Amino acid sequence: MRINLKTLALGAFAAALPLLLPLPAMAADASTISSGDTAWMLASCALVLVMTPGLALFYGGMVRKKNVLSILMQCFFIMALISVQWILLGYTLSFGPDIKGIIGGLSFLGMSGVPVGDAAPLATTIPHTVFIMFQAMFAIITAGLITGAFAERMKFSVFVIFTLLWTTLVYDPLAHWVWGGGFLAQFGALDFAGGTVVHISSGVSGLVVALVLGKRLNKDREAMVPHNLPMTVTGAALLWFGWFGFNAGSALASNGLAGMAFLVTNTAAAAATLSWVFAEWLDHGKPTIFGAVSGAVAGLVAITPASGFVTPLAAIVIGLLVGPICYMAVSRIKEKLGYDDALDAFGIHGVGGTVGALATGLFATVAINAAGKDGLFYGNPHQLYVQFVAVLISWIFAGTMTFVILKVIGLFTPLRVSNEEEEMGLDAALHGEDAYGYGDMGLEGQGITG
Amino acid sequence: MRINLKTLALGAFAAALPLLLPLPAMAADASTISSGDTAWMLASCALVLVMTPGLALFYGGMVRKKNVLSILMQCFFIMALISVQWILLGYTLSFGPDIKGIIGGLSFLGMSGVPVGDAAPLATTIPHTVFIMFQAMFAIITAGLITGAFAERMKFSVFVIFTLLWTTLVYDPLAHWVWGGGFLAQFGALDFAGGTVVHISSGVSGLVVALVLGKRLNKDREAMVPHNLPMTVTGAALLWFGWFGFNAGSALASNGLAGMAFLVTNTAAAAATLSWVFAEWLDHGKPTIFGAVSGAVAGLVAITPASGFVTPLAAIVIGLLVGPICYMAVSRIKEKLGYDDALDAFGIHGVGGTVGALATGLFATVAINAAGKDGLFYGNPHQLYVQFVAVLISWIFAGTMTFVILKVIGLFTPLRVSNEEEEMGLDAALHGEDAYGYGDMGLEGQGITG
Amino acid sequence: MRINLKTLALGAFAAALPLLLPLPAMAADASTISSGDTAWMLASCALVLVMTPGLALFYGGMVRKKNVLSILMQCFFIMALISVQWILLGYTLSFGPDIKGIIGGLSFLGMSGVPVGDAAPLATTIPHTVFIMFQAMFAIITAGLITGAFAERMKFSVFVIFTLLWTTLVYDPLAHWVWGGGFLAQFGALDFAGGTVVHISSGVSGLVVALVLGKRLNKDREAMVPHNLPMTVTGAALLWFGWFGFNAGSALASNGLAGMAFLVTNTAAAAATLSWVFAEWLDHGKPTIFGAVSGAVAGLVAITPASGFVTPLAAIVIGLLVGPICYMAVSRIKEKLGYDDALDAFGIHGVGGTVGALATGLFATVAINAAGKDGLFYGNPHQLYVQFVAVLISWIFAGTMTFVILKVIGLFTPLRVSNEEEEMGLDAALHGEDAYGYGDMGLEGQGITG
Amino acid sequence: MKKIEAVIRPGKLEELKLALNEMEVRGMTIYNVMGRGLQKDVKQFYRGQEVSVDLFPKVKVEIICRDHWLERIVDMIQKICSSGKIGDGKIFVYPIEDIIRISSGERGDAAL
Amino acid sequence: MKKIEAVIRPGKLEELKLALNEMEVRGMTIYNVMGRGLQKDVKQFYRGQEVSVDLFPKVKVEIICRDHWLERIVDMIQKICSSGKIGDGKIFVYPIEDIIRISSGERGDAAL
Amino acid sequence: MKKIEAVIRPGKLEELKLALNEMEVRGMTIYNVMGRGLQKDVKQFYRGQEVSVDLFPKVKVEIICRDHWLERIVDMIQKICSSGKIGDGKIFVYPIEDIIRISSGERGDAAL
């Protein structure tokens, strides 16, 4: 069966070969390109790329020693898989010429019709190639976020197929709807950097996967605590760092709006860190670093859709709100409902993204972004309604599609590893490797003979 | 008592709420803004931000296993606490309209009067928001540097209050004096990127805290060696990386001066790495990686005030000098005087910053920066005198203020953890967490039951 | 003897002092400088700098616990050593006025004749200082790559001398030939970002060092497995991240070409990750993270010379090819030939660089870069011949020079550590340090008494 | 008094702790070990290089108990930790001559 | 000859080493263990999830000594490592049949 | 039955495993320890602060065997692990009263 799936996967790339024929037309340098805007966007591409390894460390530190490599592998593999999918198919589905508001046309299939010098159709001051890269990084990190929900128990081959299908069938359309001129954009939904497209979609999908897969072995008997919190903190730092490219880069230019997006992003992350830490401090008496980094990420998630539309003080409020809300979600609600969202992909991205998307409907103001809208607090209740609808659609679409995809894959193979493999740990069982030298005993030559 | 302090801290943020009312005026895009300069400054903001996690790893690797999280927590929490303080109060105190050369006025309180499109009053080619962010990162890292001195023994609640007071009462005024048009600027002191404001202030304050707190338990009996040097090296690398934004970003533009600042920064770090390593190699016979990274940081510290004023060859000399000087400070003088500057915040930042500030008075030349001054070696001995005075004032101001702040806090609560807590380790005692799974035994489920 | 070598090394720096006299001429701001291009190049300098610590972690995770610091030390020390060498001598040898196509003249010796405001002779839209920095980072990482071949057994003092001589006698001339207007440039060889100069030169030299030094102790009896794969993955992530500066920065501008270079770089890394993983999956049945990161680096290496000349689809093909080829090289050929290229500097950089340099002769097209050439697939077989010759020359030059340098050093001192030192581990034996607290036992105070 | 040394699968530790708790057996000392025996080797791969692992992570549980407790504890360990598969581990029983409780100086049975 | 196994608080190790040194007792083998006993659980929190820790880091010190040294060493360990609080640890004494010094092949007392 | 505890240099483990394998001795339990004895201190330096290390990493190999195997195993350990230099380690032999194989419940010699 595994072979079978491998063949499937390999097929996907074989499919690319015919595409090798078409060639980009001769370059025609578009005079509209600004070297300053391009410089910031190039830097932003790099910053967003590094978020995925950041996520890998953030998640990797949270799992048990025996599964850390499986986490790193999933995140790293996504960087590879989605980068190629994006070039060949994904980009054009998301940003090709709009077809009935539903999906993009195939004019950029396999990067055909992307001459080197052209400006991006949707951002005329930067090269098309840079816009493609920037968007590719979003598709990558989004797929990565989901992995936190099914950590420590999914088969690798299933993960590969799932990720490929999910990005193609869930992310690409959603990105088109919101950013590619699709119907949600036309409907007036505000999502500056991906509250719905990135965080709600991944968080809700993660919840569905967690429910379909079921709990990890012994989850109820054993406390499964992070095996390496410094690793998690390092990852969170890279996320915070890269998020500046994510949000401020979404201005698609090097200007005041980018500056303001940068400012509110940092502010919301900070406020949420404080509010999460104080919340747990008051709740159980200890301020934790795990809480601090979780709060920071929650704040970054919540400000993402709002980052180009709100004021610094609004960012503080959003941050102060989302911290305790996500803390409750992961410490209380999860317990209650009893699903095993292993690393809280839903608890932080699903919940935080929803908070942010709705908050955008409250705090958005044209004083910050003339191209934006006013929110409820600026006399436009309608925007809150619009945001609500957009959130609802994202929830339903991501949830159902994910469920369907899993069920289909389930027809071919079990989704979970065997109990023996789970007991042994995914690193040794699936990848034939150990993270820290065999059993971390550090015995000379790691107690292994060639 | 702790509750009491928590309430205090919480109060500080409650105080922010009224500020929620004022709203930035309508944006008016300043035609002076350069997208190129803005691009480099946005990148620089991200680079300087990442220095603080870098510092967290740099310091975190140096402590014992049982205290690594307390270090990471302090650095990470500072990112949150000072980011918010800066938005609400700090920025306007430092860079608001000058009041008698002493402090900035409140016109930017809570980011009021910061329209999205405006250029920065003090850097007219970049957006005001970007300037605010850039300066915020400096306030953050400076507070972070001090923590190295009181590592492994300070109460977390005390740390929170201390940091908030220190930044407001020490950093903000000092930044105004030197960069905000305060009296030291008027007096002609040269400090390109923060020799006095950042390094002397934090280093000297660290020394005072170390003296007030006293030594760590068993310091005299046990050697306390780094628990994870690769972590320290990783942190040093992030510091070196981020320091380019710190120094070259201080040109506040993307031009030849930024390029030269970048060049001398890298050169001084390199030269100091070599000189520290060769110094210890000749001294005790072993070239160490711990020495190499310490030398690099010492070099980066020393070049900071000089980075926009000196030539590459001068940078080599500064680097070659500061390495052995700091090596002596941490390996000999500390022993002699017997204070427990745990991670050498004073030994490297206090000493190195002083060396750099004075060296600026020797090597500065208008050939590099027409807006600067000539130093002693270029026929202007007066500049050395000016630098000396600036250093002296920074030492005295930071030292006394820190002492006062600690004594005041001491009236409400003990500054140190109990011996039991110190013995147990701050991670478990204060934060209720373990860095590497319980006791790093990696027992399945980490030997913990829910 | 060691002292003797130290003196030698120290001498090298003493030699610099006379250079302290000459002073850069008065700055004359060149009107050609673009703040946008400069912004991206400043960012690129930082990105390429961070590749070396990335390499340190990448390599450091692969060795045994007792040698990790020796790896970190070598990489970090190179950052220092080569930065200084570059300022004083290296840059002018590589990029000084061409002398008979062989070497650069001494006009930039010790940064003389580099006024702060000048534009770079070879890149008139950015400051000279920025160009110097950018090129310095290349010299650093190249020297770093070699260390993977002689890991875990070379004397540190020998390493210092070897690195200094190798960079001066091998890298500097080669850089001049290809990028400094030397004979290979005149001959028409295409190398956008360093397939020959960086990867072939370091890889082949590494192979020679490995052969001269011989195998590690017990290599045949014990399997020497990575002691910390998450560290290796973190390093690989930093390499991928920094490589954007390496390749896209090699456009020396912030434009469409940089964007395309960025795009193909990411694409090739992704494709090679996939092809390596699928290759091993089919070969031995397990997809590994170690394979994934190795594939990514192989892809980055292969696209380096091609990155400014080929299309995204060509990048996919190059990536799909290089993965399995390098996998075979490290898993089969190395076994067969039996040399101990400890961390596969040759297997990945030598082999991958050769694949990339030749592939450039196949896939290059003026549609991407008008300043480039067409390759075989675009009707110009001659270019493949040119590439082949350039590869051949790089192999022979790097190989012989390295051999000679080692033999000369061998006249003064043994190149390898003693068996006792190797058994004990280089960290304790050469550097007098332990990476994870003594023996990673984490005993309170690490079982050490002052 | 006897010393019981049980080498078990790491995954069984929590269950065993709970079970012994119910018997009021709390005192124990635990550490990670690597074990070798009849359990057959596992293959790992590093850059295609095959390495066969013959040491498996186990947990050693040491319990010092009064003689008449011995059988009950041994039975419980076996009951909890036995999966019937090779690699479950072994229990070793040793004689012990004396025990001192450091905090109080009590000796022998009293020290437990 | 006897084998002394002392389970102590990690913080006491250095002091104990110094004290034994002064008695000319140098030989010892040490490793980290996790201990469980009367010492009461400690609470930890991960994302608000409470976990109660019932295994505490201890250090085990093994000293093989001649019979007539036994009491002196035991007394010293107790003297140094006792804080009077629960969790100080225990000392176990076992019989040992033979010792071989690998480097020289000496056996019995001579091997120490 | 006997229990053999050998404290050896980490670098010798692989060779020892191979040698014992050829004698059909497969069962063993291994862990890292830190050892102290006649081996003389080593100096380390952290920011110029000298620390002298008196604990060296060793590996402890535990083998439970039938009485008549004792000498053969001890000899082999000594043969393989002896370099003649101080620090090679020691072999300790202890009595053992019983063995239970968890998976099958077999006791005594049968459990090996």
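A, B, C, D, E and F are the chain letters, set down in written order, and residue numbers restart from 1 in every chain.
Note that a contact is a pair of C-beta atoms (placed from the backbone, for glycine too) under 8 Å apart; a residue touches a chain by one contact, two chains touch by 3 or more.
Everything numeric in this text was worked out from a predicted model, so none of it was measured.
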item	value
Touch-network distance, chain B to chain F, counted in steps	1
Comparison of A-E and B-E by number of C-beta pairs in contact, larger one	B-E
Same or different contact residues where chain B meets its copy chain A, judged by the half mark	different
Rounded Å distance, chain D centre to chain E centre (Cα mean)	18
Chain A and chain D: spacing of chain centres that average the CA atoms, whole Å	44
Distance between chain centroids, defined by C-alpha means - chain A, chain C (Å)	32
Two or more partner chains touched - positions in chain F	11, 14, 17-18, 30-32, 34, 43-46, 49-51, 54-55, 94-95
Multi-chain contact sites of chain B, meaning residues that touch two or more partners	34-37, 39-40, 43, 218, 221-223, 225-226, 228, 234, 254, 284, 286, 288, 290, 432-434, 438-439, 441-445, 447-450
Residues of chain A defined as touching chain D within the complex	218, 221-222, 423, 428, 432-434, 438-439, 441, 443, 447-450
Chain C to chain B touching residues, read off their complex	6, 9-10, 13, 16, 19-20, 22-27, 29, 33-40, 42-43, 45-46, 49-50, 53, 56-57, 60, 68-69, 72-73, 76-77, 79-81, 83-84, 87-88, 110-111, 114-118, 126-130, 132-133, 136, 156, 228, 231, 234, 254, 430-438, 442, 444-446, 448-450
Complex contact set, residues of chain F against chain B	43-51
Sites on chain D touched by chain A in the complex	11, 14-15, 18, 32, 34, 42-46, 49-57
Residues of chain E touching chain F in the complex	3, 17, 26-31, 64, 94-105, 111
